[in-house]
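What follows is a set of structures for review.
Shared between the two complexes below is chain A, which has chain B as its partner in the first and chain C in the second.
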Partner chain A sequence: MARRRRRPNPGVGPVTPPPPSSLIGAPAMAAPPPIVGDNALVLGIETSCDETAAAVVAGGGRRVLSSVVSSQIDLHARYGGVVPEIAGRAHVELMLPVVTEAVVTAGVADDDVAAVAATCGPGLVGALLVGVSAAKALALVWSVPFVAVNHLEAHLHAAFLDEPDIELPVVVILVSGGHTMLVLMTDRLRFRVLGETLDDAAGEAFDKVARFLGLGYPGGPAIDRLATAGDPDAIAFPRPMLDDGWDFSFSGLKTAVINHVRRHQAADPADVAASFQEAVADVLVAKARRAAAACGARGLCLAGGVAANTRLRELVLDAGMADGLETYLPSPAMCTDNAAMVAAAGWWRLRADGPSPLDAGADPSLRLPGC
Partner chain B sequence: MISCVTRGAAETRSLGAAVAAVAAPGDLIVLAGDLGAGKTALVQGFAAALGVARPVTSPTFVLANRYVGRMVVNHLDAYRLNGMAEARDLGLPELLDDGVTLVEWGDVISAALPASRLEIALGFGAGPDDRSVVLTPWGPSWLERRAALGRAVQTWRAPVRAGGAPAEPEPAC
Partner chain C sequence: MLILGIESATASTGCAVGDRSGVRASVRAAGDRRHAEMLAPQISAVCELAGVSLRDVAAVAVDVGPGLYTGLRVGVTTAMTIASALRVNMVGVTSLDLVAFPVRHTSRSITAVIDARRGEVFCARYRPVPGGVQRVSEPAVSSPEAVAAEIMAAAGEELVVGDGAVRYRSVFDPIRGAEIADRGFACPSAESLVHLACARALREEHVPPEEIRPLYLRRPDAEAKWPAAAGAPTPASGP
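On to the complex of A and B.
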């Protein structure tokens, strides 16, 4: 098949590493052009868990031209969770339609895309490989850089897609099904994990409590809905590790809920849901407030799927008012897994570190850099 | 069959540490028990005793975690798996060649797992924090170690913290 000739793309410069910092500012050296231009378009691909997603984003998050998420939630609802075999196969089936839709919706031609970014971890290895392989293939065919993106780092960029002028540093409460961490973000490429869960992620605790209460999957929205009819002070569930460092532990809280329901069969499920949700949100926000004070952060920011929780959002807003902090609550579409955040993170990584090698693999247990 | 009762998650972790003392590379340990029974707590103590410094977190969402201590510890979770085909997708044969493998909700995919294994069933006891634990060795490799395992289980009373590290004071920023 004849290759299409790429027309010159003002967004793409030669692929050269940035000069050593000691040379920056040396008068004889002309600054090399960046690998991607200020307004360059990056195609992002996300397949780390149960969403196949693709997005076209300009300038590292300045403008989201398209963000397509093909939720597989109907498939998973039948099984009560993420099913890897189904996730892998469905990612393969959905990849081309989702990427095509992202490019067409963005109203750009293939050769306007300056780079292709994909989530390389953490996540389900079979699912990750589908996205990474698709991104590498597109990067090869289009002769543009490929960049591997850490899923957790991508979540940290999500709030900027709604609100590009976030005043840094901020403390990010990153809460999802697989992850729970407090991160201090000092700029778009520098962050430090202050604390993380020592056992269950917050979203996992939501899912398991929902399953125990017979509320179905996904558990987070089910508890959120049921809790509106309940009393958050009805049951004094423990606030695990509330005053103990910045790490979290939600396994004991889950067990406390299960013990309570076993011993009080007549307990109103709405009260259980509301009291459990209150305990989780309370611990997350209390620790974030203390971290913001200790680190001199200017704001609190939510990220990850659990950030869609109504009560958590209320408590973050209240904390911001009480402590004089800016609060950033991304839209649910940006909190949950999406590819716009991957494209944004990819642009920033490409500018800082250059392209990833085409033999870069997927890493199911990837951690945030520097942690 | 070896039975005991643990009183609280700290004791369940200590029991995990005791089991680790007799574990060897290539071992398979299958954990059964309802939500909140202490399966992850047991693995936390097990991994900490083998020198794993990282926090051992629930693998429910990620399905499989790999830790490196004095030997590799593979921590799997079959909670969301549906059927044997998906269990095979976890790549068990490769994992079993590489360190010791613990599978939470392993009873759900029992038929997909090798017969030579230690089964640990955790059940709720009289008090809210009590757990009755039954350890059942299967296959010659585990049956040979049955007496050593029984002696090790008697030592679980010294508590072990999650993550294997002592409580840290408020971190400075």
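On to the complex of A and C.
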């Protein structure tokens, strides 16, 4: 059985300052080596919802050596949404193949992995526990730290995987099937939630409208596709809470769409999809622009599955142009749930806070730290 | 051949290490169902108690259920990941075998009954044989009353064991010739798991980690309801 080699630390300690000169002559105190080196490899595992994912990432996101995502969309499609028990079962079956593929694709040996990170929340508890259990098991066998990662924090790191030199602070529009929030990111470990949805997440609204229009599941890509043939100005759907703080509400918009279609049976579904999508993107981007101005942010950044939406991306680009802000639009593969972002976040957390205890559990309603 | 046994398919969580000469150390936490929180620290502790390294483990045994879905997934995922990382084989043992095994010294027939919630139980029947027990029926999910009817039909001396037997005491107690095993035998133990797994590993009844699957015995509710609601063809039933 191979044993872990003690490897010379490739990096430099991040926080420990050199001893002040007045201490010269005092007993030599060696600076504690950093828990994780600058180029250290972290294996990330993500199982918060319906994607089983594993990835190997170097240096907190500087290099993605592998990112494997096994989607369960086909298993859940006929139910029109994710069924927790079906997701939990699938994660167990997919875990070993996905982790193995991530390690093999990365071309690394077990001994090269410096830490194992897993999403511990928010998400479906029965799904989260599969990833957390697998990560702890690997940490035990490899004698490396385990890091419990906040899924929302991981999403905030995703844009850096494509573009490591993002100028901070940025306002991040974090939009997915489960979350809709506006976050001010001042550095890789410091965030402030400026606004959140008060009811449905943006992705949830897309799914519900798509289901009503008979477009199937998942709703986001279906509406995006149909909208290309429609007129975004055809129907003036409400822009809920547009001028009212930084929180969102999409439940009323969803109801307005359903009522409109019921009243106008002849309405072109493409126009409905385009107009609905326009309303969602409009509210998201309008608030993000105001937030960026108010907080002195230098850029706008997209994160989460809904960030793949074509119209949302266009409006963010337009806003950046108009307001002189940098815009960061991660590739769709990094927007949707993946483990590369978990591995990146794990590296940063490990450097800042050290390893997580092995008795850490999953928290289905975990919030962003410091919020 | 050192075996690590992991058991978290019911309300308790436990693990043990041992070999042919016996169990060297075991740890167990009863009852509070915090499987995911307790299991990894228990594995560290049990190795330390036994004075072995995880890397000395030559096979990983796991209780594959039936039982509580979440605990079962935590145990199976942990066990299969450890085995895969160590590149060793696994032995899967059902929870019902594990509750029947400790009462093997009886001369009576044995019915293992594990609480399946929602008014149902998981069950299987056994007969004692030299050195152990032999399962004479496939693990099944059933009502306590149906299990009681089977025991009555057998019309012999019967030992009923497991947390389902304790919970549905009022159903099993009145059966003539039947006795309910002590509460101390109600949950599967990691010690029994290591004991049984050693024997099976010696007979080479082991599998690679990726072939281990939890034994749920029930389909997910959504899947079970789907064909009735939508008139779709019945999907292939699970294991």
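Throughout what follows, the second predicted complex is superposed on the first by the 340 of 371 C-alpha atoms of A that agree within 3 Å, B and C clash if a C-alpha of one lies under 4 Å from a C-alpha of the other, contacts with A are read in each partner's own complex, and residues count from 1 in each chain.
The criterion applied here is as follows: a residue touches a chain if its C-beta (ideal position, glycine included) is under 8 Å from a C-beta of that chain, and two chains touch if they have at least 3 such contacts.
Predicted model, so just to flag it, every value in this text is computed and none were measured.
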First, second, both or neither for A:G252, with chain B first and chain C second: first
Which superposed partner A:R262 touches (first chain B, second chain C, both, neither): first
Residue contacts with chain A in the superposition, chain B compared against chain C: B
First, second, both or neither for A:P369, with chain B first and chain C second: neither
Chain B versus chain C as contact partner of A:P238, first or second or both or neither: neither
Contacts of A:E204 with chain B and chain C, given as first, second, both or neither: first
A:G126 touches, of chain B and chain C: first, second, both or neither? both
Which superposed partner A:G59 touches (first chain B, second chain C, both, neither): neither
Which of chain B and chain C A:G354 touches, first, second, both or neither: neither
Residues on chain A lying within both footprints (that of chain B and that of chain C): 79, 83, 85, 88, 126
In the complex, chain C residues that touch chain A: 34-41, 43-44, 54-56, 69-70, 73-74, 76-82, 84-87, 209-210, 213-214, 216, 220-223, 226, 230, 232
Residues of chain A that touch chain C when the two form their complex: 1, 3, 78-79, 83, 85-86, 88-89, 91-93, 95-97, 99-100, 110, 125-126, 129-130, 132-134, 136-142, 146, 358-362
Chain A-touching residues of chain B, taken from the complex the two chains share: 9, 34-36, 40-41, 44, 55-58, 60-66, 79-82, 85-86, 89-90, 124, 128, 162-163, 167-173
Chain A residues touching chain B - in the complex, by the definition given at the top: 49, 79-85, 88, 122-124, 126, 177-178, 184, 194-201, 203-204, 207-208, 211-212, 244-247, 249, 251-252, 254-255, 258-259, 262-263, 290-291, 294-296, 364-365
